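To keep things clear, I will list the structure first and then write my remarks on it.
Going in written order, the chains are labelled A, B and C, and every chain counts its residues from 1.
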């Protein structure tokens, strides 16, 4: 009897291991992406058309993604960093040069957006989606809401608000509300912003990226700092939630698809980038993730109502107040230091 | 003499404390609400989502592969080490013991980060192999301690007797020592297996693309996934644990009655 | 037989080398590498630069770090103290229960310990949810204010630590209590000691080893905790483990991560060493054992065995004892 259990356990393990081992002969496309940032249907369609399996791992900040890649996470075929991190990766020789012949759909990309990027010729990166950060809130619990970052100073919502766990975004919000540039390297300005975030910190429950937005629905949080599309996805499920872009302005980000050095299926990765920018696939993705893609042909296919949604396509005058986050090279250390002091402040 | 009822009351309170969250998770796993929170009706959809999630099965498969490999390797290494520690005394064994003892008192996170930096320095790609190496490294110590405990109760004169009766060392080892020690080695292996399939921190540091294990996947679900699916997974894992423990109890009792 | 010595020697090396090699390669060398990286300069985009520097170590003196170390120490200390306080009566109760009950209760204590660690933490997130049943009950009983938050603070971190580590405290205390001769307690009471006094002066010293093991079993993982403060902690309950993870996974500052790891290692070693010294210095239990023996009411062997001075060998025994506990659980499953 004593010997029976190990035998039973080994048998069960063997059955599981061998029964799920069939699909391994297929090619696998490994994507490293933000959470909730693809359309499952589009991915399934790609899997059937290209007879492959798509495996997605997720990250919650550019810094975390970069650290993981630097720490030896090789083997991803596609990564989706924000533009400022793309530049870091180009400079560090972490990216493979794209072959434009394999991505004919590059013609659909809006050149106005491409112009904003340092890699405007799209030699290494192809824009995927454009996002802005803003505030998601529950109007029943926050009746006096005004679209301003100053909500985080309001003590009546103490312990029910969250800020992004992302140093550039959160310091950026404070910089914006002080009317400074999001990319400042001025020590005094950064110091002021740091002190402001420390004041915010007294009222928030957590620095968080992905869990907080769900807390809006369950009533755990009332005010959540987040990305427009992420919060819009929540609003589709829970229409009582609202989204606003603070009038002081905010950060705007262009997230791009890139192929890192060490990719195992370079051709398949090119095919994936091209497939995503096929107008109908791109439109389907936009509708599901609620972000705007700089793909002009795809935007034309979107229903009128969706195109009018200001959370997804913010008004021109608000866009004018937004800034793209830039890589600051050695001055990044100033932000890291300020962020540290914020994290350890009581 | 009258005994205090405080210990009993504390024990009951502790058991309530232990099981209350688990019961709540079980109830919540049937809540139809997508993000958890207020009860919106009974539903089995989260179990359906769970069982159709290919990622869960892939992660389970990785967990079991790592678990089996690291259990087998650490069982062999740990048993050999326990023999050395038991049979020989001296400076070498003192150092050997220290080496085996250290991983037990060092926090997980230290082992995780040091192995990560080690693999990065050697430019080793993070994969199931690196996870298995890490798991073997912490399982060895546990297996050794368990087997050593067994050896201390073991009467080595049996071995000598066998050799006196003409058996060569290898035969004596194979026919006498190994069968007598088997329960100890198995217990060590089972402990190693449990530790391996439950480990999150060390695995998190040394796992790479495509080598997600179940605990790592649960962690990412906690960050990005929907809570009821995690609840459903929790209930399934709880049920497996209960069945295994109860079954072993049942066997245990059965065995005793036969004996 | 002169040929026996080299053969014995060869055999010893043969049996020792596999683990020696493995643990040196995958435990000692990586640990040395980590400690060495602390003396390397940080490269701006991750990794580390050329040459050697003491800058990182000096930066550990900046006020942010001592604050985190202090917080880590007190959160771990409180969690450990709570675990021991709760585990004492439970261990006592288990040891005094009848055989049948003991087996059943042990099973109930052990099952949560066999459940996945992350799942236990996640369960608490739901229990402490601001719209959850616990909060509502507490508000209804006027025990907390309606806008109080139970999650994301140091209290939540301690609570969940107690929940996850309590079995580690109960098992060694129970193992020690099981060997304890309870007639000593009755004898002390006969001699006029109060019930609590006897518990404190005889039972506690009698299970001293179990207590020490329990303390270490809780304190060490608590000091290195990373997941619990990450999930139920808030902006003001960050611990060393979180900082190490942030330095490794977000800031890409490996020298800082290494220096912090070194700091954690030193903290663990100092605390562990300190505890041993503390236990060794306490002569009271031995004196008490002797006096009881003198009055002829106590069972000297049990008392003496349980109050032996702490030596490296007895430390080894502690671990072996703990492993035996685990082994017993493991066996329950295996047989």
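The working rule: a contact is a pair of C-beta atoms (placed from the backbone, for glycine too) under 8 Å apart; a residue touches a chain by one contact, two chains touch by 3 or more.
In this text the structure is predicted, and so the values were computed from the model without any measurement.
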Quiz item: More C-beta contacts across A-B or across B-C?
Solution: B-C
Quiz item: For subunit C, which other chain has the most distant CA centre?
Solution: A
Quiz item: How many angstrom lie between the CA centroids of subunit A and subunit C, rounded to a whole number?
Solution: 39
Practice problem: Please work out the Cα centroid separation of subunit A and subunit B, and write it as a whole number of Å. | Solution: 36
Quiz prompt | Rounded Å distance, subunit B centre to subunit C centre (Cα mean) | solution = 18
Exercise. Scan subunit C for residues touching two or more other chains and write them down.
Key: 129, 131, 248, 333-335
Quiz item: Which subunit B residues reach two or more other chains?
Solution: 36-38, 116, 183, 186, 190, 222, 227, 248, 251, 255
Quiz item: Which subunit A residues sit where two or more other chains touch them?
Solution: 1-2, 5-6, 71, 218-220
Quiz item: Touching subunit B in the complex: which residues of subunit A?
Solution: 1-2, 4-6, 10, 13, 16-17, 20-21, 28, 30, 32, 35-36, 55, 57-58, 60, 71-76, 209-211, 214, 217-220, 237
Self-check item: Touching residues (chain side subunit B, partner subunit A) in the complex
Solution: 33-38, 55, 57-58, 60-61, 64-65, 67-68, 116, 119-120, 123-126, 183, 186, 189-190, 208-210, 212, 220, 222-224, 226-227, 247-248, 251, 254-255, 258
Quiz item: Touching subunit C in the complex: which residues of subunit B?
Solution: 1, 3-4, 6-8, 10-11, 14-15, 17-22, 24-25, 28, 36-38, 77-78, 80-81, 83-84, 87-88, 92-93, 96-97, 99-111, 113-118, 121, 133-134, 136-137, 140, 142, 144-146, 148-150, 152, 183-184, 186-188, 190-191, 194, 198, 200-201, 205, 214-215, 218-219, 222, 227, 230-231, 233-234, 237-238, 241-242, 244-245, 248-249, 251-252, 255
Quiz item: Quick one: in the complex, what on subunit A touches subunit C?
Solution: 1-2, 5-6, 61, 63-64, 66-68, 70-71, 88, 92, 158-160, 201, 204-207, 218-220, 329-330, 332-333, 336, 340-341, 343-344, 346
Quiz item: Any idea which subunit C residues touch subunit A in the complex?
Solution: 44-47, 63-65, 67-68, 129-131, 147-149, 151-152, 234-236, 238, 246, 248-253, 333-335
